[in-house]
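Below: the structure, in structure tokens.
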Amino acid sequence: SNGEKGSSEGTIKIGVLASMTGPLESYGKQTVNGFELGLDYATDGSNEVAGKKIEFIVEDTETKPEVAVKKATKLLEDDEVDFLVGSSSSGDTLAVVPLAEEYEKIMVVEPAVADSITGSEYNPYIFRTARNSSQDAVAGAAAIAKKGVKIATFAPDNSFGRDGISAFKEAAEKLGANILHEEYADPAGTDFTSNIQKIIEQQPDYLFIVWAGANSPWNQLADMKVEEKGIKISTGAPDIPALQTMKPLVGMEGFSVYYHDLPKNEVNDWLVTEHKKRFNNEVPDLFTPGGMSAAIAIVEALKKTDGDTNSEQLIESMEGMSFETPKGTMTFREEDHQALQTLYAIKLESKEGVDYPVPTLIRELSPEETAPPIRNK
Amino acid sequence: MSTLLKLQQVETYIEEFHILQGISFEARKGEVTVLLGRNGAGKTTTLRTIMGLNKASKGQIFFGNEEIQTLQPYEIANKGMGYVPEDQGIFGELTVEENIKVAMKKDDSQSLERLEWILQIFPDLKKFWQKQSGLLSGGQKQMLSIARAYVKNCELLLIDEPSKGLAPIVVEKVMESIQEMKDKTTIILVEQNFMMASRIGDYFYIVDEGRTVYDGKMQELIGNKELREKHLGIA
Amino acid sequence: MTSIIETKNLGISFGNHKAVDQVNFAIDEHQFTSIIGPNGAGKTTLFNLLSGQLKATNGDIFFCGKNITKCSTVERTRLGMGRSFQLTNVFPNLTTLENVRLAVQAQKKIYFQMLKSVFSYKDHSEIAKTILKTTLLVNKDDVLAKNLSHGDKRKLELAMLLALDTKLLLLDEPTAGMSVEDVPAIYEVIERIKEEKTKTILLIEHKMDMIMNLSDRIMVLFNGKLLADGAPKEIIANETVQSAYLGGLYDEYTA
Amino acid sequence: MRVSYENKLGSIIFLMVSCLLIVFPLVYEDRNLLIIFTQIFIFAIFAMSYDILLGFTGIISFGHAMFFGIGAYSMSIFMKRFEPEMLYVFLALIVGVFLSAIVSYVVGLLTLRLKTHYYAMLTLALANLFYVGAEKWRSLTEGADGFTFRIPDFLRERVNFYLITLVLMVLVYFALKLFIQSPFGKVLVAIKENEQRTESLGFNILYYKIIASIIAGILASIAGALYAISLRFVNTSVFSIDITLDALLMTIIGGVGTIIGAVIGSGVIEFSHYWLTSLVKLHWIFERWIIFFGILYILTVMFFPKGIVGALTALKRKARHEKKHDQSDKMTG
Amino acid sequence: MELFFSLLINGLATGMLIFLLAVGLTLIFGLMSVLNFAHGGLFAWGAYGGVWIYSLTESYMIGVAGAIITGVILGFITEKLIIKPVYGDHVQQILITLGYMLVLGELIKVVFGPNQIAVSPPELLRGSIEIGELLIIKYRAFIIITGIFIFLIVNYILKNTKIGLIVRAGVIDKEMIQALGVNINKVFLYVFMTGAALAALSGMLLAPYAGVIHADMGMEYAILAFVVVVIGGMGNVTGSLLAAALVGISGAFMAYYVPELSLATNMLLMVIVLVFRPKGLFTIRG
């Protein structure tokens, strides 16, 4: 009885998996908000493409892989969605990826970063609008690495940290930099002074940091006068709540995935205005444009297939597809379906009337420049 | 002599079991009132109900002129009641000293005096003053429990089978101590050692199946073999 | 005649307190021996040493000629030593019947059977029920042990020991807190076991009448030392025993 | 006698419900429910294994995830490294069972030295070491990201897998029911009640604790393996305290020491989770559904302090008592 | 040598911080034998309450006071509603406090929003002091001093009043202590409130140290507090202090010298202590 529901009735259904609760709640909400805006934008507010109505259903993964699998299965089997979008954590996403293949539905990965999603765990149904760890790393390297520069790294002792650093190392060494020392700390630790001590002893030019999580080392870096000792700190700019904890790092040079001031294009202007309008004057944050990009990518693909949700066709039209997003033009690379995208070399500066250090543009890092290695074969 | 404690048709449930089904008795000032009865008759439950540790569902308990059956155990205790439970109720992980200290009000010279006196009766406690009380011998625990109740200056003392596990000579000392206290402290005693009960008891009640079924002067029971056989099964 | 249990210089110290000190004795099979002594003399501790709850600091214990000083409680029980505890020590949230049935199960050496329901061991329940009757615990089969009155718990304690059916019985104040009415019956149970002449009994009691009537022999412990050891008549005449243990009360018992 | 009768009644109801569940996928096609049920069965096995420790031996463990994780990783690694064939599924199960038997043997040995909180904390620490180990041995586990794998087609068919887990749960239930009614099981309860007394009856408690620990460990590992199959994915979270807490909560909510309680608890938690999260669409307040989940626990303690099964038995006992009371009143009246 | 002292001081500061987290738990878990899994929730609320007031008044001290008040109020409600029905039953304690923990954590998100909130130390305690080569972070010195101060107070109260005795006796036999005339319910309530206030205070002290507070901070640190209470021996305040210092310092040295194992340091420490000293390093006398 369930079989007749779905696309044939002229509705296209999209299941969005995101962390609506749990530690990544704010990321999840950014994605969902962005996605909603993206659909509006791409369909000019009609929520229709090629005469078909688009519906989307949000499910909370709670940042637990087993829940993600349950919810994804529900979306695929009960709601019979035509696309999956998600999710906020790489773990959840990795757990869901095989389902996309099994049910032969396109999954647009956003904003999970693990390389393996479009690398070792790749399958043809996966497209990722989010940047991956390697892109981060390449951007991070591009921002600081030069011939002869000595760099030490600091990261949490887990997959996220280790993957991030190894990708960075590869990229930085390619640019001729010298990685002196890699330091890893307990991801749940509170005291990083021992680690910082060790880094200081190495006397690098730069300290490159990969960090996620609330228990950040920023204060301790400042307290231990790392910069006074001639070591420049560099890291990725996170979302606004986390930027608030980075006041000690004003002046730092690093990279950014997105900050609403950075991209200069129409889509982004629209996003910022619309977002402020709808969400009591708040600006879009780190993963809002990602959610939007995912929606735009889906609509663009459907336009190309004229509303046909057959996955083979969709894959064919999406491979190599370029589309306009708040971050400029993105292109799904044919080989591994990773969207090549602009990233930003930035500097944190304090700004009048803003209670957090603001990422200001040094230069745009073009999609080609930050293209990560292809690793799905 | 005036009545200090009076129970009127007290009934008590434990969970869904109707344990006390009508206990009535009085304890007069300056007397030792003894509750007798076979195992499971409800003697301990009676004492616990007086203490407020089990709640009476029916009936009244008067302490002096006050009804106390609705009060909390600590309120009852603070009205001047002491309790030596049948399982000693000592705090095994605390030392002998700490067990006693817990019961004493601070800087109470009267209590200190009483402590002196009680330690003379039970010199073992003095000897093991700093010992963890859970490691004491059975009889020593019993002594500690009695001593702990004695140091508090109370008007009414409920003692549940004090003689069990005590050497004959210690039983004698306990008896003497009770005699000594009598004028200041009224005592309700549950005792299976008939020799002891008969020596120090003034008045007795027999409890059976949760009811008081007979009462009289101790003298009467001692003199009346028939009565003993009927109610206690002993000659 | 061989002695069933024997100690050589048995002793234990807690810190510098010698609770049991250089105790030597040998008890013949089927003999009924009582141990008396003031509170804290070391009677229970001696039992704990014999049954393995405590490990001796020095000396040896022999059971049926075998040195068991190093054996665990479990091994000793299996060799045939059973004991009851002074402070009631049962399984509080099991029913009276289940308590005794566990002892029966141990006696039958059903240790690791996990594929058969206990209910298929009908005989266990029967034996348990008989023992409960003997120990005056009728109509209490389904009562949880923790809900028994104090005296009934003492009876249960005894019932579990009887169910173990060991060669040697160590009884630690079995009748303390039992009602005057029930003591004679329990006394009879013990006496009957004695009369059967199949078991050796060691009894700790403070009830002198019971001791005098039952004992073949009395040992007196004082401050951990074996002060006197002999026939009841001799012991009762001993002056130290009179003054330090009995006080003036003994007359009452004989009177 | 009465006890055995009550148990039989419980088991009969359980069996009837199980039969209904067997035909369920044939008559009603709802894949979503199918998955939820599968999850319930798997966690029921896990919670039952926990009940052996908590309910019958009186051991509180905060590290039961250890065995769950061992099972899950054994299965996952086998499926990833070898072919997704049934042969390897069995091999993986055997390896998982074997490993967790060894680990639970060692951990069981420690129960002799450590009591209550101390043992609980020790197991917490050990499970955490496994967690760290899985995080660190990245060549094998790929750390927190984890990895996906293929499983035999037969198991991929959800109905098949549903039936397998259901049958396994029923088997485990009856095996454990027999186990706790056995002389061995009775000794376990005795140990929970009073270790020293059990020993003085001539039972060697160490053996019992270790065997109980091993049985619990093995079952937990099987549950873990099934869990991995159901997700076709594994990561370090299988060793996390959350997994242990799930088992703990399920056991307590259902009723400690009842076996069936673990099954009921598993069902209650999974369904209320499912239900509460689905309410989000109704009202924004349910976005914070976790609050209601927490309140559920609190209310359970307040109104069913002995768990659901405990509350039911108490009700029944009361009813029986009143009946008896009436009769005796009549007799005297 | 500077390195050694630097590691030592930083480790000690972390240790003191953990001690502050643990001291409330030592009272509640150690003395009252209540497995309070909501302890983390209490100190997260303390942190949020305190930080909120801190940001309103811009006075750190008022913020600290605010945290303590939050703790006292929350402690009162918690004891009456959640803990009182389950004294003496660990299994039920686990269930009810875990449920309560979920409620507390989520309520933070309802009241203060789900995002992390940045917190910096008051002006006076910002930055660091350099003594020769040795660098001492001011806020850490403050934590060390506060930790010792709190330790002295709590220790004084336990040593010089009967409270500790009464609570321990009450845990062993609640009925008997009442029969001795002690209103144990009230004592338990006050002790719990004190424990909660200490938890809340420590949350507030942690906030500038970590630089940020977030709704899930409770569970994260609570485990550490449990570890310290267990290693130190239940109910032993001095034990908790020493254990916390041990955990902090060994963490600092491990991170420097054996970084591969630093993830596992705390848990390894606990395993070793428990296996060799089954009742904790500093078992309570008596």
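A, B, C, D and E are the chain letters, set down in written order, and residue numbers restart from 1 in every chain.
The working rule: contacts are C-beta pairs under 8 Å (C-beta built on N, C-alpha and C of every residue); 3 or more make two chains touch, one makes a residue touch a chain.
Listed by chain with UniProt protein names: B, C = Branched-chain amino acid transport system ATP-binding protein; D, E = Branched-chain amino acid transport system permease protein.
Here the structure is a predicted model, which means the values were calculated and not measured.
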Chain A to chain C, fewest steps along touching chains: 2
Joint neighbours of chain E and chain A, given as chain labels: D
Between the pairs D-E and B-E, the one where more C-beta pairs touch: D-E
Chain located farthest away, centre of chain B as origin (C-alpha): A
Inter-chain centre distance, chain B versus chain C - centres from mean C-alpha coordinates, in Å: 28
Between chain D and chain C, distance of the C-alpha-averaged centres to the nearest whole Å: 43
Chain centre separation in whole Å, for chain D relative to chain A (CA means): 38
Computed distance of Cα centres, chain D from chain B, in Å: 49
Set of chain E residues in contact with two or more other chains: 109, 263
In the complex with chain C, residue positions of chain B that touch it: 14, 17, 36-41, 44, 86-87, 124, 128, 135-143, 161, 164-173, 192-195, 232-234
In the complex with chain C, residue positions of chain D that touch it: 1-2, 4, 178-179, 181-187, 189-190, 193-194, 196-204, 207, 211
Contact set on chain D toward chain E in their complex: 54, 60, 110, 113-118, 121-122, 124-126, 128-129, 132, 135-136, 241, 245, 248-249, 252-253, 256, 288, 290-291, 293-298, 300-302, 305
In the complex with chain A, residue positions of chain D that touch it: 29-32, 35-36, 39, 135, 138, 142-148, 150, 156, 227, 230-233, 235, 237, 277, 280, 287-290
Chain B-facing residues of chain E, complex: 162, 165-166, 168-169, 172-173, 175-184, 286
